[in-house]
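Got some structures for you, see below.
There are two complexes below, and they share chain A, which is joined by chain B in the first and by chain C in the second.
For the complex of A and B:
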């Protein structure tokens, strides 16, 4: 399983090369990967359908409970099949859509990486693995949305999507770790099998809010819905993939996955139904405000995600069945519609619904695919979308909040009905309109995907026996956390749901008829109203402003100021515990010392005084050397020759380097601070000096813990074959620390060289400009 | 710096210091010394050379750019750590061989390579910084 999940990443890296080698066949060659993944996942349909759950695990960091573990149950299999199946057509479609684009290879690389991340996400069992793949989808979708990186709008949309979903991802990580803490395992399958453990825990509310923050941002629930339409800046294949079965469904997947562990409580129901319902209405209204095919589809995606969240929130068996049926239906019709919309754009040069009409003759296949998908989306029999909608009504009638939820569903579905016809039917009928390009049908890669997906949505209606026993049933059982019989059907007799469907269709037809005046009305009403999208800009501007202001205060470029701030803070940190906590100071115990130790002490004081009184910088630097020499003496006298040796060398070299630095600084002869600065600096220096002295005395008056020293002394020769304990610690016991330190030394060296080079370049260019 | 005494003494001083720094590096496992101290000594030797003979002479004497020496040192330390993985131990676990064919050669170990890496990093980074500072100063 691990190799299967790594394959997309490996092939992705090769994608640009494949394009070089295969030219116009790139799409067909690379589509073999998702296609074979699809076939691979098909082998699980039979066992999973009979209730089996398959597990695969590879150790990653077993000591921390982190493993590359994956499991295949009804829910993950449904997602995996949708991702790899639709992915196959997307790769084909993208290769044809961006045929002449110079960076097609890179684009396909991102698409395949994204597909791999998405597969990993839905199959992960371990919470850390899940999080890693979750973030990978955010990062790869950032690359995809910002693919046209020379456009400012694309860049903004990409950063926005990353900021929103990445921020939610951090909340999710916290939530997942809390779950692991409460449940005592890192494996989702074990966590979710523990029944009401989470719901009874006092941490439940924190866990719930954190997990929902992750799911709602990813699945574009209001008020985070704004990033999804903006992401339409991406090339159409991206939209078709990200917004039909993948990226934005990840949040829905997470909610469905967590349902057995976190779902069913009152707060869960309220939050999901309220946010889902609000998103459903907002999305379906916003859909009718737009004329751009892709934007209409994007807003209906927001709406559909809201509906799915709402159904999962209701949480009873019928609602879960409806959610899974709708998930499948939506993936099929939305994938087809997005690709068809891209083909229309490709063929005519415009995506403006008000300019498009009568394309059926010029683009018969795209028109057929669009129309079939739109009929499924609008919920007409015998399409699969009809079944999904019918079951949603059945679920809403079972309560809770029957009246409110049902009204929301009827209004939202009617608006979606109108939107479906606007996108899927209107461009193709009537008399042909004027378009920038002469409309013509694209190549087979462009229409194959829409046709297959939309026809599947048609077949799944009458063929609902296969759909429920192999796909919807196992998925619903996984969401519920126990086996569930699912029997989907087209004709349930003349009952209330059918009447609601009829009402929806009637209302939807009415909305469609008045859609252009409705659009004008909506735009004049809400055209200039503040929305979360502006809120995002204001937030980002505020953040930048704050950063600028802070930088202006702290990073003035004056070395003196930096030192003042650093030492001021150190002084405060040293005296604060004593002042605030009222900790009594230990009375310093001054150990008896030999006369030569006092001699070294006197040397230290002389060095210190010489620094303070020095009239030129060079003298001051040399005086620090005296101070360091005295310290080296102390080390030597107390039996640490290694340390003394090092101290001596460090002192020598720092005097050399400091002298060299000083020579580069603008030297004004002497360096003498005036009285006001001295008055400010002396208290800070005195505080640090006194506080450190007191601290050292109080530390040394404590009994010394010798456990570690003894441990090293004992094992230094027996285990590491060295008698110099200091060196053995450096290169063997604590070699990783040393490794980190030498890496820092190299990085610091490179940085210094870079800064000096940049500095001298600047002086050169200034010198050139001057004459 | 144009001092006749310094310029005359430098070749001897530098040669002896570098030699001694290598001695300190290699004996470090059992006597006071090691890669860090040795590296500092080596760096001070080249610093003396740079002060006496100038930066370009120092660069010529080193052949390789100092920062590359530092980079190679880090690489060597990393390789010494990775060797233990080939023997199934964790990263940076010291590996020891006690060859019996030559009684003078007591042992070969990855730890020595690690220490040599530390030595090269310290020498390379410090000499690099000193050269850069003195070059444009």
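For the complex of A and C:
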């Protein structure tokens, strides 16, 4: 299984090369990969249909419970088949659609990578693996949406999609980790098998909100629905792939997957039904506001996702059946419609539905595919879309909130009916209109996908026995978390759902008839209304503004400001814990000691003070000497002769160098700060001093761990044959550190030489340049 | 005894910060000097003070008698002394070169890398 999931990525990297080698056959060659994946997944149909769940696991980071584990059940198999099956046609289609594009190889590489990520996502068992693939789909779709990266709109859409879905992905990660924490396992199959564990846990609400944040952003639920229509900037094959089987359905997949563990509670129902229903209505209304074929389709996708979320939210058996049936129906008709819309654009040079008409004669195959898909989308018998819609009505009539949900469904479906005919029928009938290009049918690669997908949607209607026992049934069982009998049928007798269907069709036909005046009305009503898309821009502008303001405050270019901020923060960080924890230290404890010990301490302080107070540079130089010497005395007193010798030598050298340099600078060593500035600096300096003292107090009041010191002391002579423990540590136990130290000295020396040499050269050349 | 020297270390830190904030490149370098000495003492005190018992192993013995000073901080400080000396020397020359090139010892006037107008242009620019 791991090999199968790696294959798309490996082939993806080779895609540009394949294009070089095979030229116009690129699509057919590369389509072999998804096609063979499809065949590979087909072998699971039989066992999964009989209720088996297949598992594959490879260790990745076993110590953290992170494994490359995958499982195939009804739900993941349905998705895997859709992804690889539709993927086959998308690769073919893309190669023909972008035939003359210079970067076709790169495009196909992204598409294949995206497909691989999506497959990994739906097959993952481990939560971390799931998250990794989830993020991979965000990143690859960013690359795909921004494929035309020389267009500002594409770049904005790509960044927007990444920001929205990536942000949601982070929330999802937190949610998944919380689930793993509560359930004590990283494997989804184990977590979800634990029944009501999550629903009874106090963390349930946090988990739910985090997971929903991931799912809703990915599946473009209101108020995050804005990124999806913007993503239409991508080339058409991307839109077809993103919106039929994948990417946006990842959120729906996640909700369906989580249903056994998180679903069924009241809050789950309310959130999913309300957000799903709102998205369904918003999407279907927005669809009728547009005239661009792709935008209409994108908005209807938003609507369909809303419907799926709503159905999963209802959560009873009928609703789950309806959701899975609609998922399959939607993938088939939406994939076909997107590709057909792309072919229309390709063949005529426009996607404006108000300019397109009478194309059926010029593009008969595309027209046929579009029409069949549109009939399925509008929910007319005997197409599979009809069954899906019929079952959705059956589900809504079972409650809860029967009246509200059913009316939402009728209105939304009627609007989708109108949108379906607008996209799938209107461009092909009537008298031929004026288009930028003379319309003509594309090559076989362009019409094969739409024809196959739409015809499948037609066959699945009468052939619903195969659809329910092999695809919808196992998927619904997986969503429910237990076996479920699914029996789809076309004719359920004259009952309420049929009446609702009839009402939908009547209402839809009416909406279609008045669609252009409805569009005008909607646009004049909502044309200038604030929407989340503007909200996104305002948020981004606000972020930039904040960054600018912060940079203005922090990066002023003034060294004193930098130091002030840094030391202020250090002081706060050192003081705050003591204040918050409030540990009263009974300090200082000062035992009686000989006068010379006091003397050394006082001398150190005097040396430091003298540097600060020095009024001439000579005094400053001398004071550094005093301080250095006093520190050497401290070392000598407390049993560190090596330190004392080193300090003495270094001090002498320092004073010499200091004297050499300072005499060449025009300073008298005096402080030139005025009283106001000194008054501001003194408290900060004093706070740091107090903070360090308190820090040392608390360090020395803790017991000291002498393990290392004792280790070195014991082995100093027995193993390294040295009697001076400090020296042995430096030249034997930690010799490499000392080597590093010597390297630092050498580098500093070279740097000093370099500075001086460069200095003398540049001053000469600058002197020449200056008049 | 540690407490008394903890206060000495605190005073040295305060003095060094005050020097660093002064805005004169010369006092800045002196501040670094005081700061390194203060830091060495900080490590020294944190490793506890032991009066007049260097960590040496006497002749005829294989391990030192108990009660010797903690050798580990000493090894650390020895490295630190040498490195801070290198830093100090480098800083001194850098300060000297900065003065030569820019003609000032006031850090507020050293704006070669971040000129005043870079900020104003940043504020005005549409990103």
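We adopt the following convention: the second predicted complex is superposed on the first by the 593 of 771 C-alpha atoms of A that agree within 3 Å, B and C clash if a C-alpha of one lies under 4 Å from a C-alpha of the other, contacts with A are read in each partner's own complex, and residues count from 1 in each chain.
Going forward, contacts are C-beta pairs under 8 Å (C-beta built on N, C-alpha and C of every residue); 3 or more make two chains touch, one makes a residue touch a chain.
The model shown is predicted, which means the values in this text are computed figures rather than measured ones.
Visitor: Just checking: does A:693 make contact with chain B only, chain C only, both, or neither of them? Give me first, second, both or neither.
Guide: The answer is second: A:693 touches chain C but not chain B.
Visitor: Which of the two partners, first being chain B and second being chain C, lies in contact with A:652: first, second, both, or neither?
Guide: first
Visitor: Answer with first, second, both or neither: which of chain B and chain C does A:642 touch in the superposed model?
Guide: both
Visitor: Just checking: does A:739 make contact with chain B only, chain C only, both, or neither of them? Give me first, second, both or neither.
Guide: After superposing on A, A:739 lies in contact with chain B but is clear of chain C.
Visitor: Touch test for A:553: chain B only (first), chain C only (second), both, or neither?
Guide: neither
Visitor: Could you tell me if A:664 is touching chain B, chain C, both of them or neither one (first, second, both, neither)?
Guide: After superposition on chain A, A:664 lies in contact with both partners, chain B and chain C.
Visitor: With both structures superposed, pick whichever of chain B and chain C touches the larger number of chain A residues.
Guide: Counting contacted residues of chain A, the larger count belongs to C.
Visitor: Between chain B and chain C, whom does A:679 touch in the aligned arrangement: first, second, both, or neither?
Guide: neither
Visitor: A:564 contacts which: chain B (first), chain C (second), both, neither?
Guide: Touch status of A:564: second partner only.
Visitor: Who does A:724 touch here: chain B (first), chain C (second), both, or neither?
Guide: In the superposed model, A:724 contacts both chain B and chain C.
Visitor: Is there a shared patch on chain A that both chain B and chain C touch, and which residues make it up?
Guide: Residues 641-642, 646, 650, 653, 657, 661, 664, 723-724, 726, 730, 738, 745, 748-749, 752, 756, 759 of chain A touch both chain B and chain C.
Visitor: With touch defined as at the start, can you tell me which chain B residues reach chain A in the complex?
Guide: 28-37, 40-41, 43-44, 47, 51, 67, 70-71, 73-74, 77-78, 81, 91-92, 94, 96, 107, 109, 111, 114-115, 117-118, 121-122, 124-126, 128-130, 132-134, 136-137
Visitor: Within the complex, which stretch of chain A touches chain C?
Guide: 544, 548, 551-552, 555-560, 563-564, 567, 587-591, 593, 597-598, 601, 604-605, 608-609, 611-612, 617, 620, 624, 627-628, 631, 634-635, 637-643, 646-647, 650, 653-654, 657-658, 661-662, 664-667, 669, 671-673, 677, 681-682, 684-686, 688-693, 696-697, 699-700, 704, 706, 708-709, 712-714, 716-718, 723-726, 729-730, 734, 737-738, 741, 744-745, 747-749, 751-752, 755-756, 758-759, 762-763
Visitor: For the complex, give me every residue of chain C touching chain A.
Guide: Residues in contact with chain A: 1-28, 30, 33-34, 37-38, 40-42, 44-59, 61-64, 68-72, 74-75, 77-79, 81-83, 85-90, 92-97, 99-101, 105, 107-108, 110-111, 113-116, 118-119, 122-123, 127.
Visitor: Quick check on the complex: what are the chain A residues that touch chain B?
Guide: Those residues of chain A that touch chain B are 641-642, 645-646, 649-650, 652-653, 656-657, 660-661, 663-664, 720-724, 726-728, 730-732, 735-736, 738-739, 742-743, 745-746, 748-750, 752-753, 756-757, 759-760.
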